[in-house]
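The same chain A turns up in both complexes below, where it pairs with chain B and then with chain C.
Now for the complex of A and B:
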């Protein structure tokens, strides 16, 4: 693995996907802010129905998971695959926790009669958090793949490209949530 | 090596873009789309005021649709170089691409039927207009499958001199995913997820057109390299 100053993590192609995805979510966020500006009062009232504790707890879970992934990559680089697999598993656990909290949150909203058609705010809430949750699920698949890779006795330096690509995707999942959380739950 | 036929097929993709743009955008003036929130009379008025240009423009758009057949074939031909004698992803791409032609042509025909008798009951004009737009914007599934399998085939290429660059695989999967929001238009008459909305319509449209240009560049390069290697 080259450790030069200009090192791009993972294979270059994954960045086509990551930057493309960020571009699209960026557009989503602009659309949300634009339509919010047309009817701020409705968005404020609807936002009050969200449980900020769930959102904040999920933010902590994803931040922790990203930290585990960073340490896992460090370990993988130092060729201690077993340790890397453990850390990736912890990140995976955080992802599962995120999904569980989201499940509870959706269930509460639906039980209270709040659905995707309730109003514009909740339309964005369900579609954006739903799409993000899809990223979390895909990311968990990626982490599982990395755990299997890192555990294998044949784990070697050339696998680092895979490890870095997968880790970069997981950081994207985290990053998108870090913007989504204040936008939906906190913006006054 | 059938370099000339391959080049012809690749250029058909560009011909599709040009012809479809002339007919559908400039003559029929279907861009920007009419809002799904319009009343029946407002919709009927569009077809009544611009009848001749809509008929002629849609005829060109219909012709353009057929040009995607050779385009799909040349992509399949390059994919087959990856897959060899068990080209399942290539076959999937071909079948999905063939269905894609219909997704382009059928809505054009629904709008044509609306423009055929523009003085009929506005409710019926609106029905045909709805049918055309919903068919055109919502039907992402064949294109999704098409882009997905191109991406998967590129990732499966383990040779030392891959047919396509790997970033093109990521690009195709990204495109596939971005066509999906079209599926949401069934729920909305206004806003970003309606059939004239920025996320359900404009984003997939721009990306679908952009996909042709990106694929075209890479295909030209591939065909030339193939000719040199032969």
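Now for the complex of A and C:
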């Protein structure tokens, strides 16, 4: 690790976006907990219809993907672009796995007649997880870009700003799910 | 990974806390925000960032975690 103090990881602009996103999702979390407190029984009954195993498996997938991205960034710093591309590809695979699990989960819910209009809990469930899934899809696009960049023979030290920006965005995707999982699936 | 497994166990009607919802939820949130601080500092490399960014991230972790637990405590029926 060759990082020094006072180094912003990536573009300053990406951090404005990341902090803005954290603020917006932070408010989402508070709104959810507030309205949950007004009708705890409804939220508990609705939560029982969710499959905790899907949520936990997806948490592990995103954590693993974050770990692959950390190692990819270290390899990119060490000018090992090809190895970095392989690790970014593994992270991308984890992202695809997350999307597949989410697709199965949504399909099961919809088949059981549970939709965004079923009740307040499921409205928040679909909105929060849907917005998060949108972040996953965008993040997968970013990872694909980083794979192409890292594989390029012209990959150089100045590209690290792009690599760090993309990596920071992917970690944001992981970070948001770390709260969404206990908030929606586990909270008692 | 271990923290996720612990959350899973806590959330899946673990016998350790029985019906004590407040203890379970507080535990879940503290585990989640500890993981988040780890992700921010080590994965996102904010530990090497200027003090302003480190401070903003830490304030977010403390404020959002504290507000979630406060709102949960206010809205939660006893037990």
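Here are a few things to note about the model shown:
In this section, the second predicted complex is superposed on the first by the 185 of 188 C-alpha atoms of A that agree within 3 Å, B and C clash if a C-alpha of one lies under 4 Å from a C-alpha of the other, contacts with A are read in each partner's own complex, and residues count from 1 in each chain.
By definition in this document, a residue touches a chain if its C-beta (ideal position, glycine included) is under 8 Å from a C-beta of that chain, and two chains touch if they have at least 3 such contacts.
Here the structure is a predicted model, which means the values were calculated and not measured.
Once the two complexes are overlaid on the shared chain, A:66 sits against chain C while remaining clear of chain B. Contacts of A:157 after superposition on the shared chain: neither chain B nor chain C is touched.
Contact with chain B, but none with chain C, is seen for A:24 once the two complexes are overlaid on the shared chain. By the touch criterion defined above, A:100 reaches neither chain B nor chain C. For chain A, the partner touching the most residues, choosing from chain B and chain C, is C.
By the touch criterion defined above, A:127 reaches chain B but does not reach chain C.
Contacts of A:11 after superposition: chain B is touched, whereas chain C is not reached. Of the two partner chains placed by the overlay, neither chain B nor chain C lies in contact with A:110.
The contact surfaces that chain B and chain C form on chain A in the two complexes do not overlap at any residue. Considering their complex, residues 11-14, 16-17, 20-21, 24, 27-28, 31, 35, 116-117, 120, 123, 127 of chain A touch chain B.
Contact residues on chain A toward chain C in their complex (touch as defined above): 3-9, 15, 19, 22-23, 26, 29-30, 33-34, 36-38, 40, 52, 56, 59-60, 63, 66-67, 69-70, 164, 167-168, 171-172, 174-175, 178-179, 181-183, 185-188. Of all the residues in chain B, the ones that touch chain A in their complex are 165-167, 169-171, 173-174, 178, 184, 187, 191-193, 198-199, 203. Residue ranges of chain C in contact with chain A, taken from their complex: 1, 4-5, 7-8, 10-12, 21, 24-25, 28-29, 31-33, 35-36, 39-40, 42-46, 48-50, 53, 56-57, 60, 63-64, 67-68, 71-72, 74-77.
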